[in-house]
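Each of the next two complexes has chain A plus one more chain, namely chain B in the first and chain C in the second.
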Partner chain A sequence: MNDKREGAVRAALSGRIDSGNASVIEAELRGQLEGHAGEPVILDAEKLEYISSAGLRVILRLVKEHRDLRVVGVSSEIYEIFEMTGFTEMMTVEKAYRTVSVDGCEVIGEGFNGKVYRIDRDNVVKTYKNADALAEIRHEREVAKLALILGVPTAISYDVVRVGDSYGSVFELLNARSFTKILIEEPERMDFCVREYVKMLKKIHSIAVPEGKLPKIKEKVLCAVRRVKDTLPEGLGDKLLGMVEAIPDSDRMIHGDCHTKNIVLAGDEVLLIDMDTLSVGDPIFEFLYMYNAYVGYSEYDPGIVLDFQGYDAKTAREFWHRTLAAYFETDDEDAINAVEEKIRCLAYPYLLDWSARHPGHDKEKEKATADLWRSRLVELLGRVDDLDLGAVAAAGRDPDELNIEAATDNLDEVINFVNEKLETCDCSPKAQMQMDLAVEEIFVNIANYAYAPDKGRATVRVEVSDEPVTVTITFIDRGVPYDPLKKDDPDVTLPAGEREVGGLGIFLTKQIMDDLSYEYRDGQNILTLKKKL
Partner chain B sequence: MLNITKTVEGEKTVFSVEGRLDTNTAPEMEKAIRETIPEAREIVIDFEKLDYISSAGLRVLLSAHKAMSSGGTLRISNVNQPITEIFEVTGFSEILNIG
Partner chain C sequence: MSVPRRIDLHMHTSVSDGTDSPEEILGKVRSLDLDMFSVTDHDAVKACAVIRGLLRDGDPVFVPGAEFSCRDEEGKYHILGYGFDPEDPAVLELVALGHSLRMKKVTARLEYLRDKFGFTFPDGETEALLALDNPGKPHIGNLMVKYGYAASKEEAITKYINGIRFKKEYVRPEEAIRGILDAGGIPVLAHPFYGDGDDLILGDEMDKRILRLMDFGLLGVEAFYSGFTAKLRCEMIATAERHGLLITAGSDYHGANKMVRLGDTGLDEEEEFPEGLCRFLDIFEK
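What follows is the complex of A and B.
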């Protein structure tokens, strides 16, 4: 009953194994394994119906003699026994795969590597084009588990099944919509999508991953750069390689394919999915893939993004641009452009390498596309000298300034920012409260009215000067021109019945601060408040 | 952050508020008062532990005061000095029952 396929000795376990027959079975197994001491062993449990602790002890004794012992084809019930007793931690125990048919099932998603089918009311199965997908599936499960443990909300498949000649992973059906779908069906929610997307990106980019758990994305990109560099004009290829090598190594998590199909809203929870590309590295590598998904692939033919995402190139570009502004907390176009140029220095080599390795049928179009990418890369390499996004972001950001989405949800962050600045001067609790009050009134006004019904960003600048100690707070927004100082003061002597509910914010601010001034310049509302301490 | 503790003593309801009554917390305060108005003849809001109030908080007090004036009273107690000044500047000290 044993053969030497896969270089391992195989033996079968069948029926019930308990204290009544464990010693007989052990003797049989030992007979089959005789002469193979120390060699790998596969125990086929396909016909195993029950195993008691006496049977488990038999396996335990065999593991001591054959370090590489695997139990395969285990039914779900038996797997539970192995799991409960800790055997799954000690050795490889593989479940038998259920067979699932997807004939006639609704396709609810399609990606580069396969399709997602709904197989019944509560479950979906993700299939893979690759017939030998088992390793891929295992990898994806492992990294998704790791991500979940490290605090990333994601979906994990709970079962692996056979689908036709390949395998699939089964997920619980989430009542979820991808951000792609939201952007198509409710374009007015782009603000929401940008905000949640950036929150998710910042979250994963702040997670330190234990060494060795995930691949280093820099190495993958370096390989692509090395393959492409000789197709660039003399000197530029080496310059590019040097710049990529100089990107510091990082243990921070990178999704590696983070576009709007892979971030979903389930109820009010935002989840990241398709974790198979999870890696570690500097965030610039994340942006490389994002740039390509939204802009890069479709630079020559804008129809590509429409085919892939279902929204047009203009929407993709806008979403990308707003994501950068929000991620780097700036609406300074020069700073955003500088960041984007560095990202593109990585994006084009990746695309050129990809295109060289995935030849299609339309040679002419492929050549035109690659030529466009290459010419843009060459142009950028003439002026970009490093790929340090942190430097641009920090240079574009003044420590006395906070640039933030004008939303009442961000009020606490604005107040905290101002209070931190005030810590440097000797500010009484009363003066601090008054300052908070003025900041709240003005910021909430901008949040509610400057961009309504849309959303936009605001800059809050705090400066403290000496003799006499004076705090100057400046609010800048690009919303509709509005001078709040022109608003009539409410009559504060009226009895309650005649008082209007509202209109007090600006009035209070005027009472509390020593000086207020307003100007509209370069498309910006600039309101400056001063108070002597 | 605003913590609201509600104590009912017969027809009198006392809200002890702690923290900040601002744009983000005013809706909670408004909801708590609105739910109480039909059953209370007297509402006291204890400001002892309130550190901060903005115009959003003032608006809630004004509408609560208007709603109560037809058949009950609203009183604000234990107001600290900085908040008292805000009540004075805005004329609220003349409108609300404070003390």
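What follows is the complex of A and C.
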């Protein structure tokens, strides 16, 4: 981010400032600030040892003339004086940075821009390699704060420290595991990861960000597209540019680097971290970076994703595919493929631009990788004509239908969906409760048995028809063929000790609903429940 | 007339250490379009009589005033007096006491500089100095610069003049408060957080200080002051309300001797005034 203050006039405060020398110091400062009336001023207080009220008044008078005046490098003792007297509310007063040594500290994370060290029992420090680390830290803190205010669960650093020649930000150590770690250590929890990941994506993509707070990601991608468009065959570059330009502007939040290392589970709370790439735009831009993280970078050499994430290319691809299906609420492979092709039209130009600007040692491999990306892009541009994910998603989705992972954890979402539909008709609370019960019985059955021991998706369809008002709820899954209606009703007249444990759910459902029918068609179990209101 | 909204009750003329003469300051007050003002020289009331003689119809309300430097075992204070009769013996006595202590100190300082460093000044200069209404360290400092003993007034004060200290020669706050009350005036603690100008007194210490001065008869505090931040201002207003004290507003304008604008008190004329300030203004409204 551009820090206008870098152009500010700087002056130093040092030693003691009290009534004995305040006027001398004021005269000196005024001399240094002469000809800069109204301009931003930075007073460096690193060597300031003491300041009395006479000194405070000198600063107060300067603030009246230079609205954008800040005092930096203030020791904690002196900061306290500024705080007690209200100066910290009136102007920017920045504390001196604590110095932290990371010698011998455990490295608990490493990213492209720096390392994360554990400095004591409760704290970690994230260091930055680049020269303008301070500006970057400030930027990240600001956007993380903004995200938190807008409702994104995230971690915010509480202190900025000096680490050697550079700077770091200190975070409380969260007892947190990244989704990357979970996928490696407990691959059976992939469905949990997909569900929470999609929930988080949908959450941030639903947040409207006030104008001007975050950069527009479309601009950044457009720059990349402009740089690579001339390396594409005649006409295709312009077609691509036209398609990207046609993506509508959006004020929705985009993380910009949302892969499984940047989403963590702390206790039972899911947090999004590494907020420095936060921006606004159409969700397709989010998917661009996600596709590259899971698939794009490692299309030529599948070892890359293993190096970066620690899980293999197959796992990465599966996670990505299931994420798309869940995000767009469909298990229609054609729809998912159509979405993915549009995303890849953006992902490849970005990769080509990135690779051109980050040359490595293995020229031959780089060329082969870029050639592969380019050829795939060219092929896609032959058949993709727009980058509108909304259209695909809407076409693949029916407002009367919910497509969801068949998992008991999703029961609430299914019930909510059904109740929302029931609200459109005049349904009594009793009938609604009964139908919720029926939906629970059927959905839990599918979740537990249809795909066991694997996981799969289910579709729940709710329709309300008139005269007489009838609710029709249809459950569709692609699991093992099973007709629940064939099962004999349990004998409810038997004493408790002699009754069968199972079968009560479908029996209840039969009692509640007026009509049940089952068919197995096109590899799908289709169970239809009807109730007259 | 309507309730005064634009006020400045704390300023210094050349009678003490300001640089504007009483006539000049009156001219500035007029051009600023103030509704009420007071001139508060250090331990001196001469400017009050001068200004009274110059006032004409349509001028802002003038409140006679003075600022007394006080000290006791607990610290230093500047006590403002408002609305007394400048001819009243009680005030004149106070002024005379302050003045004599001041003269004593000036004389002692000049002797100290002569004996310790060998700094001497032509007779005419020392006479002129002693003839001033309120000579002090800055005046001696200026002389030293003029005769090449120091590079600047500040160096003169910190390196040489401050070499001699006076522990017992001061006016006590209860004396100042009593004198002001006896002359029919209102005693007010100037820039409370800053003591005599260079302390920084906060929290409990501030509260204790005010309670002690109230025991002596203090009636008000200068809660609006050019050198206060909004937070300090709010705190002092709350303190005044807690103790039922009057509130005043002053800039402490010193002409070219201090970087303070006349009329800059931190009081926003558009805002509702605190009750203690309204009460103070009511007393002096024409």
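Note that in this section the second predicted complex is superposed on the first by the 398 of 533 C-alpha atoms of A that agree within 3 Å, B and C clash if a C-alpha of one lies under 4 Å from a C-alpha of the other, contacts with A are read in each partner's own complex, and residues count from 1 in each chain.
By definition in this document, a contact is a pair of C-beta atoms (placed from the backbone, for glycine too) under 8 Å apart; a residue touches a chain by one contact, two chains touch by 3 or more.
What you are looking at is a predicted structure, and each value in this text was computed from that prediction instead of being measured.
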Partner chain(s) touched by A:508 [first = chain B, second = chain C, both, neither]: first
Partner chain(s) touched by A:19 [first = chain B, second = chain C, both, neither]: second
Touching partner for A:436 - first (chain B), second (chain C), both, neither: first
Partner chain(s) touched by A:89 [first = chain B, second = chain C, both, neither]: second
Which of chain B and chain C A:61 touches, first, second, both or neither: second
Touching partner for A:153 - first (chain B), second (chain C), both, neither: neither
Partner chain in contact with A:81 - chain B first, chain C second, else both or neither: second
Shared contact residues on chain A - chain B and chain C: none
Touching residues (chain side chain A, partner chain B) in the complex: 408-409, 411-412, 429-430, 433-434, 436-437, 440-441, 444, 492-497, 499, 501-502, 504-505, 507-508, 511-512
Chain A - residues contacting chain C, complex: 18-21, 23-24, 26, 52-54, 56-58, 60-61, 64, 81, 84-87, 89-90
Contact footprint of chain A on chain C as seen in their complex: 152, 154-155, 157-158, 162, 193-195, 197-200, 202-203, 227, 229-232, 259-260, 264
Footprint of chain A on chain B - complex, ascending: 22-24, 51-52, 54-56, 58-59, 62-63, 65-66, 69, 81-82, 86, 89-91, 94-96
